[in-house]
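What follows are several structures.
The two complexes that follow have subunit A in common; it is paired with subunit B in the first and with subunit C in the second.
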Partner chain A sequence: MSARYRILLPVVSLAVLLAAVFYMQPRAMSYFGLNLLFNLAVPIALATVAQMMIIMVNDIDLSVGTFVSFVACVTATFLHDTPLLGGLILLAAIAGYAAIGALIEARQLPAIVVTLGMSFVWGGLAVLILPSPGGAAPDWIRTLMTAKPPLVPMAIVASVLLAVVAHVLIMRTSTGAILRAVGGNARAVGRSGWSLVQLRAGAYALAGLFGVLSGVTLVGLTTSADANIALRYTLLSIAGVILGGGEFTGGRISPVGAVIGALTLALAGSFLSFMRLSPDWQIGAQGAILILVLAVRLLFARSGRRKEAQHG
Partner chain B sequence: MKRNIKLFGAAALVTAALPAVAPAQTGDARIALSNNYAGNSWRQAMLESWEKAGTQAVEEGVVAAADAFTTSENQATEQAAQIQNMILQGYDAIVVNAASPTALNGAIAEACDAGITVVSFDGIVTEPCAWRIAVDFKEMGRQQVEYLASRLPDGGNLLEIRGLAGVFVDDEIHAGIQQGVEEYPQFEIVGSVHGDWAQDVAQKAVAGVLPSLPEIDGVVTQGGDGYGAAQAIDAAGRDMPIIVMGNRQDEMQWWAEQRDANGYETLSLSIAPGVSTLALWVAQQILAGNEVPKDLTVPFLVVTQDTLDEALAATPEGSVANVEYSLEDAQAVIEDAKAAE
Partner chain C sequence: MATETPLVALSDARMHFGAVRALDGVSLTIRPGECVGLIGHNGAGKSTAVNVINGGLAPTAGTVTYALPDGSTGTGPAAARAAGIRSVFQELSLCPNLTVEENLRIPQRDLTGPGWRRRAARRISNALDAVFPGHRIRPKTTVGDLSLAERQMVEIAMGFAEGAAPARLVILDEPTSSLDASIAHHLMDHVKAFCARGGAVIFISHMLGEVFEVATRIDVMKDGKITDSRPRDGFTQQGLIDAMGHVASAPAEARRAASAAERIGEDVLLRTEEGLTARRGEIVGLSGLAGHGQAEALARFFLSRSAGMGHARRPEVVFVAGDRARDGIMPLWSILRNVSLTTLSALSRRGLVDRDAEARVGEDWRKRIGIRTGNMSNNILSLSGGNQQKVLFARSLASPAPIVVMDDPMRGVDVGTKREAYDMIRAEAEKGRTFLWYSTETEEVCRCDRVFVFRNGRISAELTGDEISEQHILAASFEMQEAAE
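On to the complex of A and B.
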């Protein structure tokens, strides 16, 4: 699939869904409305970019949801009460992520198993830190997340910023190219003198960094934390990456697409809610939207291959 | 024209000042229910009650809409998004049974900032701008001992059946029972088991502990465990103590059978799922401009010897006794809370 289609489809899906939401709920077509529609999508988008870093190197991370919950608990407790200690814990968590990446590469372990195990570790730590829901958001993050910039709401500013940063980092720097190459052909990268352990650790560290940002922004929105607050993010983030044009293998990912994919998923929930669809059907309907988008993508991919065959 | 506008202005000022005297009409107010879970009989009954009371309120023109929304997954982030959608949909009040006491606070603060009345019940929230209709589980425990004291003035031995260990509700009811025993020191708790609010677990637990216990005069419970306790005590061939019940259909069924056979008397109390309708009326009262304290307490649904037949007939098999609250009930709850302040 060409890079152009890769980004085209998520953009079209988001636009169609947004048009449908505006049609059903004209009130959403405002500064205030857009912010309400998308502000909870910002932490999801960050978690999706975190997941993308892992999928980029052909792995999958089943611990994103519990990791973000853990970060949320740290943010609402340590980062609020003793900012220095809180910051250190979050840095240690990122280092922990890097170590997991290094371990997976060094011992050739399946990432799906290691991260599944880690999900229990993060979940357990979250409960230890915050046994009952509570805590408070640090003022600065609350101010940041509820800021009202002129013309464009914060949720949109944050999403665009995230897309640009992730795009530059992964698609426009030499480090990003090497990291994507690890997913494409790890052996070739290794033979040309790069340390795969370091590279995989780097990709995981990036995932940890975006996971931390996700948890911190989430607390900025909710004002307090809960050890189970973000469990859904694991599946949402994987779906977001794929919806955004990423693939499970070959380092084929799209940072801009991942952000759009996350926004689309968040919007799909609102769309179904505005439709007054019974909750019994909502999960199924969300799945149907996903399948629909992926089916369209498959069609594009097929016709793309056929053209290549004809010309090639 | 200019004078007309001035007149309008004056009229608007007067109406703005009026609500304190004459409650505003709520006929065009729209109320939404944000619910996080629908997977057990209590929640199903809760939604049915809301539907019934809401439809009636709309037909009578008290409110314009009373729509119920349930999130597809029991997750706080999803419910926060749901509440933000409700703000967009322009509801005047949002009634919440929350997935988390704290994780929805951001969304609820957004709603309050948009001028929306937020009333939480059962699963209450800590955000100060919201109203809370809480369950006084402690009082539920205390009242059991109080009832036993009225039946057994000389006191006696009690068996306590607790709920699921480590859950807030279990601790609260237990604390209430402890408080009751302190108030009526003629009672002594001689045994305590965990029945996990389930008849089969309670039956096994009670059967296991019975041989080591002296004669038992009363059993204090947490609901969902009374029938199992009765089965175990019956199987052991002991005299039937006074078992306080928890409004479950099987418990009341057993109680009615015993009453017909040997005049058995007891008390049954629990929280009615219809508390959702109480929240609906409280929201309506706030919208009507009435002064309502932020913290309200749900009354228990008590089934006595006199109301047993009625309650049993109205409760479907496998369900729990329910009651739909009326506008007057809500006003009474509000008055009680004002008096307590």
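On to the complex of A and C.
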């Protein structure tokens, strides 16, 4: 499947789901309704972009969820009480992510194991900082996340902005091209004299940055934090990247697709609520939607190959 | 005079990997305007020599000096880049997820800042136009969507492309392994023109005809040393093969006509929708220009016969891959595991693999096919390319399947290994196996009993017996295109 059609499927799945939601609940078709539908999608989209940075270099990050929870706890405590210290902690967390990337490359460790281990570290730190739910959101992030821009709700503006920034950063800049090249053929990159340790550390640092943004915006929406607030983000972010047309290996990713994938997953939750499905079944139903979309993608890929064979 | 200083000078360069002496004291100089043909069988140290020359490996002893454009000399990888040393590697080393123009960004560090894409697109387009006129590759195409031949063309063009440090020495390691004759010819012409303008080229190829066409000097490597170095006219093809240490075994050719009649059965064993037919014990060649549907025809046939239950235990057809990295080897596995892959179910009892039987099969094939390793439990990647290919042959031939499908299996394999493989194929055919053999080299196709020439995805000619000759194959490959022009 070439890159141009890669983006088509996530767009269509989002449109179909949105149409279904509007059909079942026409009142959602408003400024307020859209904001409500997509509000919680913004931190998920940020976490998905963070995961995408890791998948881009052929790794996978199982610590996104606990990392975002950790950041949320720091935001609701240190960043609120002592902004300077809070900011430093978050910067140190990004540096920590970069260090993990460097370690994985330098020692040739499997990322899945290292990040699984790190998920316990972040989770433990989060519990240390905030043993029971609480804390308070810094005012500026609260103001930002509840802002009401004219015409288009904040959630949509933020999502579009994120998609554009991530697209330019990864798909357009020359640095982005080199980072994707690491996923495509790391040996060729290394042979041209690039430091793979630096590049992988860079990709992980970007993941850390977007993870931090995810945690901060999440607190901006929820006003308080909890050490387990974002645990499900790990799987949601992986699903979002794949739903958005990304692949686990080969550096084939789409930032715009990843954001759309995250929105689709968030919307699937609302859709199932509208169907009055019991929450017990929702996770399973979300999985079913994911499988459905991926099955359609496989069909597209197959017919694409058949056409190529005919023309080739 | 400035042009007389060598671009690269190796002085007694040695490269040891543990006990292995990949380079054992190599001294050579390359001056502007020279095209050096570097030949030797796989494992002779050519790839190591290339990596030492381009600065990728620091020699364990000896020196490598580069002449920088400002007249001074330097050592190390940064100096190699500044001196304009470019390498085009044997195995394809592009990033398939990036576009053609984005791939140029990897070797060229000055492609950054606003407008870098436009500059990259211009550089790679100019280079492609110069080397391969009429190529039809657009810089915005994703490399994964290109054919193998087109990828190789892009890689070669990247070697010659304009950059911050202009290319002065381009090392081409098996550059034509995926190219057909007419495209390879464009490359030959460009190499000659490049050298005439004062550039230098190191040309590594197993196609001796190409080496004779472009090289001004030929260096022969054997066991990590340069054993012979003469101007091109000082060698003959036979002389070169002898110098590489492999003696031509002509009798195989003579045997062909005599044995073919009794070897090949009467009944048609297989027939495909394209019109391919093969009899028992027959070696059927697929030929024509590269990328005209031969590999696809083989893949379709193989998949149609290998699906379904029971195939693993009693395979009807086995596959020998040419693109080793993509279709062939299991890179994390040992040599033995790679050999035994297709025979695992025959080797297992009650669902468990009989390790002793597996080791016996491995040892048997190591001897029969001459896999050069001390220990079959070494990682497959410890072998040279030619030996990896032998492992793939062993994997397929170890199974009892009556039909063997081969997709250009001799790509980047040295002459000696090829000879051994030819004899092995013939011996297996005499035991009653049928071979479907796609090859980009006419010389190999001429060893077959029956040849189908492909053009535009269809069979344009079926040749048997004395009809199988280079002229007939070329005529069948080109006929239509000449008429259209």
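Please note the rule applied: the second predicted complex is superposed on the first by the 310 of 312 C-alpha atoms of A that agree within 3 Å, B and C clash if a C-alpha of one lies under 4 Å from a C-alpha of the other, contacts with A are read in each partner's own complex, and residues count from 1 in each chain.
FYI, a residue touches a chain if its C-beta (ideal position, glycine included) is under 8 Å from a C-beta of that chain, and two chains touch if they have at least 3 such contacts.
Remember, predicted model here, so these are calculated numbers, not experimental data.
When the two complexes are overlaid on subunit A, subunit B and subunit C sit side by side with no clash. By the document's definition of touching, neither partner reaches A:I89: not subunit B, not subunit C.
When subunit A is checked against subunit B and against subunit C, the one touching more of its residues turns out to be B.
By the document's definition of touching, of the two partners only subunit C reaches A:G184; subunit B does not. Contacts of A:V241 after superposition: neither subunit B nor subunit C is touched. Contact with subunit C, but none with subunit B, is seen for A:S174 once the two complexes are overlaid on the shared chain.
Between the C-alpha centres of subunit B and subunit C, as viewed from that of subunit A, the superposed structures give an angle of 140°, to the nearest 10. By the touch criterion defined above, A:G251 lies against subunit C but remains apart from subunit B after alignment on the C-alpha atoms of chain A. When both complexes are overlaid on chain A, the residue A:S192 reaches subunit C alone and has no touch with subunit B.
Our summary of the superposed model lists a minimum C-alpha distance of 35 Å between subunit B and subunit C. When the two complexes are laid over each other on chain A, subunit A has no residue in contact with both subunit B and subunit C. Within the complex formed with subunit A, the subunit B residues making contact are 38, 67, 69-73, 75-78, 80-82, 84-85, 87-90, 100-107, 109-110, 114, 126-127, 168. Residues of subunit C that touch subunit A in their complex: 56, 77-78, 81, 89, 93-98, 102-103, 105-107, 111-113, 116-117, 142, 145, 147, 291, 293, 296, 457. Residues 2-3, 172, 174-175, 177-178, 180-181, 183-185, 187-189, 191-194, 250-252, 309, 312 of subunit A are the ones touching subunit C in the complex.
Subunit A contributes residues 25, 27-28, 32-33, 36-37, 39-40, 132-135, 218, 220-226, 228-233, 266, 269-270, 273-274, 276, 279-280, 282-283, 286 to its touches with subunit B in the complex.
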